[in-house]
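In the two complexes that follow, chain A is the common piece, with chain B as its partner first and chain C second.
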Partner chain A sequence: MKRILIIEDNPMVVKSLEFKLKKDGYEVIIAEDGRNAMDKLSNESFDLILTDLMLPFISGSQLIEFIKEKSPDMPIIVLSTSTQEDIITDAFNMGVDDFITKPFSPNELSLRVKRTLGKVG
Partner chain B sequence: MSNILDQSIKGKIILTINSDSKSKDHFKQLARVKKWNLIDCESSINAIQYIKKNGTPYLLVIENDATPLDAFQTCDYLKQELNIEPPVAIIHSGFSENFQNRNNSILIEKPFSLEKLDLIEDFINKPQIAEVEKSYSLNYLNQLSDGDETFIISSLQIFTRSVEQKLAEITNLLKTNDYKLIGEIAHNIKPSFEMIESKIGKNLCNILVYDIIEDEVPQRVSELNAEFSHIRTQLNRDFPKLNEI
Partner chain C sequence: MNFYHNFFEQAPWILRLNFILSLCFLFITLAMVGFMLYLRLHKNVRARRKKFLDTILIEFVNSYLFDEDFDKKAQTEKINQKHLKTDFDRKMAIKQILMFNENLKGESTLAIKELFINLNLYQLVLRDLKNRNWHKKARALFVFSQLSVEVPTKIVEPLLNDKKGEVRQQALLYFLKLSVNNPLGFLDKIKRPLTRWQQIYIENGLKYAENIVVPDFSKWLNHNLDSVVSFCIRMIAEFNQFENIDKLMPFIAHEKEEVKLEAINSLCRMEDISLIPILISRFDKESIAVKSEILKVIKSIGSYEDLKILSNSMNKEKWNIKIEYHRVACHFKPELKHKIFSKKVGLDKSSFTPPLLQSL
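After this line comes the complex of A and B, so read on.
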C-alpha cells in the first residue's frame, strides 16, 4: 500500500484529505506542522508528500528544500489556496510535481495523486 | 438574549410526552429553571385529546418513540385531522437522516441539558429561520464523502471547534495590532469556511489576508466572529448531535 504524508495544519482539510485518500486505498500519515513533518521525514519512508506551504515553525520553501535534499526523487504535491500564484511558481521552481487548490475537488485529488504516483511507480 | 426568550416562553403551555421517568424528571427540573409551564401527558393520545380540548400548545415536546403514535405519527395526525401544526421538539436517542425533512420541528438528543433547552428556545423564537437561506451548505462535504453521515458530523464538529479557537486567537491579537499574524490565521481558516460554502466567511478571510486596511481590521474581525456565530447557531439547530461530544 502506498504511503502518503500529509503536511497540513487546518484540521478540517486534514480530515477531508485523509478520508478521501484512505477511501482510494492509500495509507495516510499526518504531520500538523513543519517540525513534526521533519521528524517523520527523517524517520519514515513515504511514496508521496502532500504539503501546505504556510505552516507553523517552518516555511514551505524550507520544507521543500529539506525534502529535496533528503530524497531528491520524492514526489511532492503542494496544497495551496487559489491566490498564491507567486508561491506556487516558486514551489515549481524548487521541483514540486503538482499543486492542488484548497478546498480540493475530490476527483481532481484522486487523479493527481494517482498520476503523480504513476510517474514514479 | 435569555431574558427576551424567557419573556416569550414563560407561562405558555408546553405539552410533554415522555414515558422515560428518569428522563422526564430531569427535563422537569431543567424546565423549572427556565420557568417553562409544562403539561405532562402520559401518551400521545392523551396529548391529542388535550389539544382537541384546549387548543394548540406553544410547544410540543415528544419522544420519538412515543406510544401509541410515535412523534411523527402524532405530528401527522395533528396536521391532517386537526389542521394544527405546533412547533415540535422531538426527543430521541440516536441520529437518523429521516429526521431531517420535518418542518417546524427540532431534534433534541437525550440526555437533556440547559443548553439543549436554550436551543429549543432559539428554535421557537426564530421559527422563520428554516425558510431563510442558510449561511452554510453541505454540498461539498456530501460530494467528498458520498453523503457519509459520520464524516459530515465529524467535519462540522471540527469546523466549529477549530474555527472558534482560531477566531479567539485573532481577537486576542487585536490587542497587539499584530495584523500579519491575524492574516496568517485568517489564511489558515479560509478553507474551513470554503468547505461549508460560506461565501461571507471566505470573503472576510480574504480581506484579512490580502486587502488589509489596518483601521478596518477590528471591524472585519468582528464581522467574521458574527458570521461564525451565525453559522454555528444554524448548525447546532440543524444538527443537535454536534453539541454532544
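After this line comes the complex of A and C, so read on.
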C-alpha cells in the first residue's frame, strides 16, 4: 500500500483528503505543521507528499527544499490557495511535481495523485 | 444581631454610611466575580460543544460527499435530530458547510448546497435575513451568496438600499453572484452611492467569478448616481470595451470632477489619442486635479509637441502644476533635466533656457 504524507493545518481539508485518499486505497499519514512533518520525514518513508505552502513554524517552501535535499526523487504535490504565477513557478522550480489550487475538486485531486504515483511507479 | 442594632443606633452617621457603602461594594464585587466565572464557564462549555460538533460534522460531511455507500437521507435525519438541537448547533453546522464550500469545488459544490437544504439550515438563515439586527442580515446574505442559494427577490431587493453599508454590500454581492446573466442588474435598483470598497468587490466579483457574463457598462452611463457612472467608466477601460469610447467622450466635460477624471483616465488607458487636442483646448478652464491628469495623459499617450502647446499657460499656473509640467518635459527630453535644475538652483545662469522652460 502506497504511503502518502499530508502536510496541512486546516482540519477540514485534512479530514477530506484523508477520507478521499483512504477510500482510494492509500495509507495516509498526517502532519499538522512543518515541524511535525520534518520529524515524520526524518523517521519514516513515504511514496508521495501532499503539502500546503502556508504552514505554522516552517513554511511549505522550506519543507520542499528539505525534502528535495533528503530524497530528490520524492514526488511532491502542492495544495495551496495561492494563484499567483510567481509562487506557482517558484514551486515548480523547486522540483514539485504538481500544483493544485484551492478550492480543489476531490476527484481531480485523486486523479492527479494516481497519475503522479503512476509516473514514479 | 445586637451588635448591628447597637451599631446603627450609636455609631456616627459617617461610620454608618461607610458600613453601608462597604457592603454595597462587597456585593458588587461578588456579583462581578460570579458573572466572570459564569462567562468563563459558559465559554468553556461552548468551546467543548463546538469542538465536539466540529468533529462530528466534518466526519458527517465527508461521508456525505465522498462515501457512495452512505445512507444520506437517514444519516442527515439522524444528525439533525441528535446533534443540531439549538441555534448554536445549527450555526456551527453552517460554519462547517461554508468551510467545505470554500475549499472544495466541482461536483462537491452541488452536494454541499443540497446538504445545507437537507439540514434545514435554509430556514434558520432566512429567519436571520428577516431579523432587525443588521449584522444578522449581513451574515445571512453572506451565507446565501457563498452557497449560491436563491431566496425570494422581494426579500433581498430592499436590502440593496439598507441604511447599513455592510448589508448593502452583502446584498449587491448576492445579486452579483446569483444573477449570472445580468450580474449588474442591481445597479438599476440602488439609490445610495457605491462606496469605493463596494466598487472594488464588484470589480473582483466580475473578474474572478466563474461563468459570469460581463455586461456592457455603457448601459449605466446615464445613472442618477455619480459613483455608479464613475465605476462604469472605469470598468469600460478595465474590460477593454473599446466600442464605448465615443460614449465616454462627453464625460470629459462632465460637471462633476470625479466623473471627469475617471473619463479622462479611462480614455487614456484605452489609448485614444483623439482625446489630447480636446484636453489641451480645455486646459485653462480646468481645476488643478484635472490639469494634473491632463499632463499625465500627455506623458502617457501624447508627445513633446503636445506638451509645448501648454507652455504659455504655465506662467499663470500654480507650482505643483509647473512641477508636473517639467516632469513630463523631462520624460520626453531627459537632457532638459540638467537645465531645469541649473536654472532652479542658479548653478548655470548663463545657460540657455528653452522656451518650454521659460515659465520656471
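One rule holds in what follows: the second predicted complex is superposed on the first by the 119 of 121 C-alpha atoms of A that agree within 3 Å, B and C clash if a C-alpha of one lies under 4 Å from a C-alpha of the other, contacts with A are read in each partner's own complex, and residues count from 1 in each chain.
As a convention for this text, a residue touches a chain if its C-beta (ideal position, glycine included) is under 8 Å from a C-beta of that chain, and two chains touch if they have at least 3 such contacts.
Everything numeric in this text was worked out from a predicted model, so none of it was measured.
Placing chain B and chain C on a common chain A by superposition gives a clash between them. Of the two partner chains, neither chain B nor chain C is touched by A:Asn43. Of the two partner chains placed by superposition, chain B and chain C are both touched by A:Val13. Of the two partner chains placed by the overlay, only chain C lies in contact with A:Glu108; chain B stays clear of it.
Shared-chain residue A:Met54: touches chain B; no touch with chain C. Residues 10-13, 15-16, 19-20, 102-103, 106 of chain A are contacted both by chain B in one complex and by chain C in the other. Taken together, the chain B residues at the contact with chain A in this complex read 140-141, 143-145, 148, 151, 154-155, 158-159, 162, 184, 187-192, 194-195, 206, 209-210. Within the complex, the chain A residues that touch chain C are 10-13, 15-16, 19-20, 23, 102-108. Chain A meets chain B in the complex at residues 9-13, 15-16, 19-20, 54, 81, 83, 102-103, 106. Contact residues of chain C toward chain A in the complex are 54, 58-59, 62-63, 65-67, 96, 99-108.
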